[in-house]
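Chain naming follows the written order as A, B, C, D, E and F, and within any one chain the residues start at number 1.
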Amino acid sequence: MRGFYIGRFQPYHDGHHAMVGRIADEVDELVLGIGSADDSHTTHDPFTAGERIMMITKAVKDFDLTTYVVPLEDINRNAVWVSHVESMCPDFDVAYSNNPLVVRLFEESGIEVRQSPMFDRDRLEGSEIRERMVADESWRDRVPDPVVDTIEEINGVKRLQHVSDSDSLERYTA
Amino acid sequence: MRGFYIGRFQPYHDGHHAMVGRIADEVDELVLGIGSADDSHTTHDPFTAGERIMMITKAVKDFDLTTYVVPLEDINRNAVWVSHVESMCPDFDVAYSNNPLVVRLFEESGIEVRQSPMFDRDRLEGSEIRERMVADESWRDRVPDPVVDTIEEINGVKRLQHVSDSDSLERYTA
Amino acid sequence: MRGFYIGRFQPYHDGHHAMVGRIADEVDELVLGIGSADDSHTTHDPFTAGERIMMITKAVKDFDLTTYVVPLEDINRNAVWVSHVESMCPDFDVAYSNNPLVVRLFEESGIEVRQSPMFDRDRLEGSEIRERMVADESWRDRVPDPVVDTIEEINGVKRLQHVSDSDSLERYTA
Amino acid sequence: MRGFYIGRFQPYHDGHHAMVGRIADEVDELVLGIGSADDSHTTHDPFTAGERIMMITKAVKDFDLTTYVVPLEDINRNAVWVSHVESMCPDFDVAYSNNPLVVRLFEESGIEVRQSPMFDRDRLEGSEIRERMVADESWRDRVPDPVVDTIEEINGVKRLQHVSDSDSLERYTA
Amino acid sequence: MRGFYIGRFQPYHDGHHAMVGRIADEVDELVLGIGSADDSHTTHDPFTAGERIMMITKAVKDFDLTTYVVPLEDINRNAVWVSHVESMCPDFDVAYSNNPLVVRLFEESGIEVRQSPMFDRDRLEGSEIRERMVADESWRDRVPDPVVDTIEEINGVKRLQHVSDSDSLERYTA
Amino acid sequence: MRGFYIGRFQPYHDGHHAMVGRIADEVDELVLGIGSADDSHTTHDPFTAGERIMMITKAVKDFDLTTYVVPLEDINRNAVWVSHVESMCPDFDVAYSNNPLVVRLFEESGIEVRQSPMFDRDRLEGSEIRERMVADESWRDRVPDPVVDTIEEINGVKRLQHVSDSDSLERYTA
């Protein structure tokens, strides 16, 4: 059986990792969908899809599980989003999500969704880790080791601190 | 004479219906443009274009008026929006709107616009009806009967309640 | 029961009209999808979506059938095309098409498709009518009367003759 | 040496003009990139790219400097933004910006950026000038003379006052 | 009076230059629109918008004429193309073109177009110059001097020869 | 060292597989970019990105090599294509390609490219395998075993035979 688990993974952290460990008990193969793959260099989405692919691929080697790590560009039309995901990913039997919109969209398409309160905790953790990076507080103990390596290699904390000064409404203009 | 009336129609309600009735006194034919046709499954825009086409087409049969119900995908460039509307719709002689941006864009293109304070009331009503649906309060007395039928057929209240739990900033991701 | 019938309708002609008449025997309501709705002013697609909506809406009044005429912008991704159509149109039970790609896409989505050799004849007719317009040969006897009216009102033959001189590869440039 | 200076220029004002004067001491040629070129008719971005090109081209004739005024449509993907700018503009040696995101993106691409506190003042000035226009207060003394001419020619203050009434969330719909 | 002249300018050559000279007799200011601004690195469109802006800006200094050189990204919807051009360019009174589609689109929008057989010759010349570059035959005598400088500075002939080996259908893939 | 190898992989075949084997001698890790990831259900591109990810991931397990399989949606702007690839993929040191356009684009961006005549053979093989599928001739001996499994699981030959009847110019319309 193949499962599907989606996140923005900004960055991939211990909460995601525990979740994958749990899903690994239920499926043989897992598709990890990277949401908002086309976003990067913002406070909310600091890392590129390529950087997130590297983090996740290295980290999930811990599990005895065939994985597929798939960047998913935003399509901004809820009504075709499930088809978009299905065409970009290997076929899956069950989706794991606690996001009400995702749950609704999959269910309207007849796809089984399994929910868990763990997901909510995950989301909060991502946001807190980014805040800690901006404030130069400790964050390395909250992500798997390969994620630390990737972020240091790309000088990721510096990037996040830099762009967090931006006024997002003005983006590229003085 | 052919008129043009635009709304998001989320859903089409008695306020819109009264407005169409009034416009029917002034024109022979009416184009009803469905704005944000590509949005759906959100608190602000729960229904798809197809669902809204069905609601409106059934409801406007009440009037002795040739109507054209046209979904309009968002184009996100104000300067070409009038051309977009004109190319998607049968040619019209006058537009009905109270939205300052729409009024301005049509007027800069030399198209006559008729305004009415009724439009503002309409907008508020759509928002209130959606809130009533989320809160499981009465809403059926505020929309034409065919709209009740459509929303029940597609299980629309359930959908709206479901997606209204979503954190729109995080959309598809845990 | 509601059916779905798609065409580019450049222009809507007697072949399409006969086909709608035949479908009318099998369904209560019919969605007419206008493909390539965003194309116009070319030899292959001379008329805008709005002009085609007007032609079709007037012509299908001949039938005792509730119809929905829906412009469909091209989405250029086969894998999400069915979802795009479904979100823009009132829900339908059966699709009518002889186009192998459309048949395949609907069937992979579990939607019933009914085919008929009539469709191929239709396609050829559209192309021949456009050639006759360019060559100033008779074409009025091949389309329903309201289509003649619309094309004359918009000065459509002149437009087609004009743009048929264009070198499509160079489009807007000298 | 050729420099690059980006702004939204809504409108081009004395702060921008002083900045160009300063840059003129350091470079022989200057590319002026007009950000959000596809936005117009909003409170934040009232003027079209064409109108801004006209304002700037006329105003920078004051300087002994070869200038290129280039509209830049938004691309909404930070990771390819620098390539987008480079392909649309004559090649440049140094960029002038104080926007943290722009600084970061150029630096990650190995392009030299020169910063100055003047840029922040500029940004505030644009916003204040638009507010003064909306409130019918004096603004002509804060922009170069050709900018006054352009804005009056297009009836720009009226447009800004008009669209500033819009509820941006509802855009085109009643 | 302000005129508008559009071309792809791949590259800007003596035919274009003669045409600008002729237009200069009729107008005070001229907008030069660079079509297909987003195309580059192909046999048909080897040069980027930025490179073409540089060629043209330098070359038209020969004339006593205020010029605006404006890159125009393709919009792929004929029905909104005129609005797109108008929003990106300073307002103009008359357009110069011999392209039947452009003539038609401007005329349907009520804009005066002036045609000249010279335009056809121009188009052929661009194609021949590119073929000469690919074949390492002489081309420098067919373009203004600043165009030679730009093409040599960017190593443009080499690029064109390189990409002309590509199988355009396969683009980026082996 | 990390390499990058791009193909459309329609389907992934023995020629690609031999190439990956050869690259495996030169690098420790390999990014396999799937070009035209958004195309599917055509004669030229029958398989979805998800299906191709599955084929490749299973097949490359033969090699002692860390691999990243990355779908790349077409961006249709050569000048930003390299940035697009870089943002979607883990950072790489060298690209393998024989496609003149790809070679040129990478080289203009300062990225090392290694070429090999093997690539041309590969391209022809993909096309021949698709023709054999359409003609119901033997093809299983030209692809790795996991590719046979995937294509059979999704009923891929049937799909290809079906869509190869389509008139691509008419796509979705009768």
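Simple rule for what comes next: a contact is a pair of C-beta atoms (placed from the backbone, for glycine too) under 8 Å apart; a residue touches a chain by one contact, two chains touch by 3 or more.
Small disclaimer: the values here were computed from a predicted structure and weren't measured.
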item	value
Pair in D-F, A-F or C-F that repeats B-E, with over half of contact pairs matching by residue number	D-F
For chain B paired with chain C, centre-to-centre distance based on mean C-alpha positions, whole Å	25
Distance between the centres, which are taken as Cα means, of chain E and chain C, whole angstrom	35
CA centroid of chain B to CA centroid of chain F, Å	44
Shared interface positions of chain B, touching two or more other chains	38, 40, 48, 77, 79, 86-87
Chain-level touch network, classified as line, ring, star, complete or other	other
Chain E residues touching chain F - in the complex, by the definition given at the top	38-42, 48, 159, 162-167, 169-174
Touching residues on chain D, where the partner in the complex is chain A	6-8, 35-36, 44, 74, 76-79, 81, 97-105, 108, 119-120, 122-123
Interface residues, chain E side, partner chain B - complex	75, 77, 79-80, 82-84, 86-87
Contacting residues of chain D [partner chain E, same complex]	37-38, 40, 48-51, 53-54, 57, 66, 68-71, 73, 86-91, 154
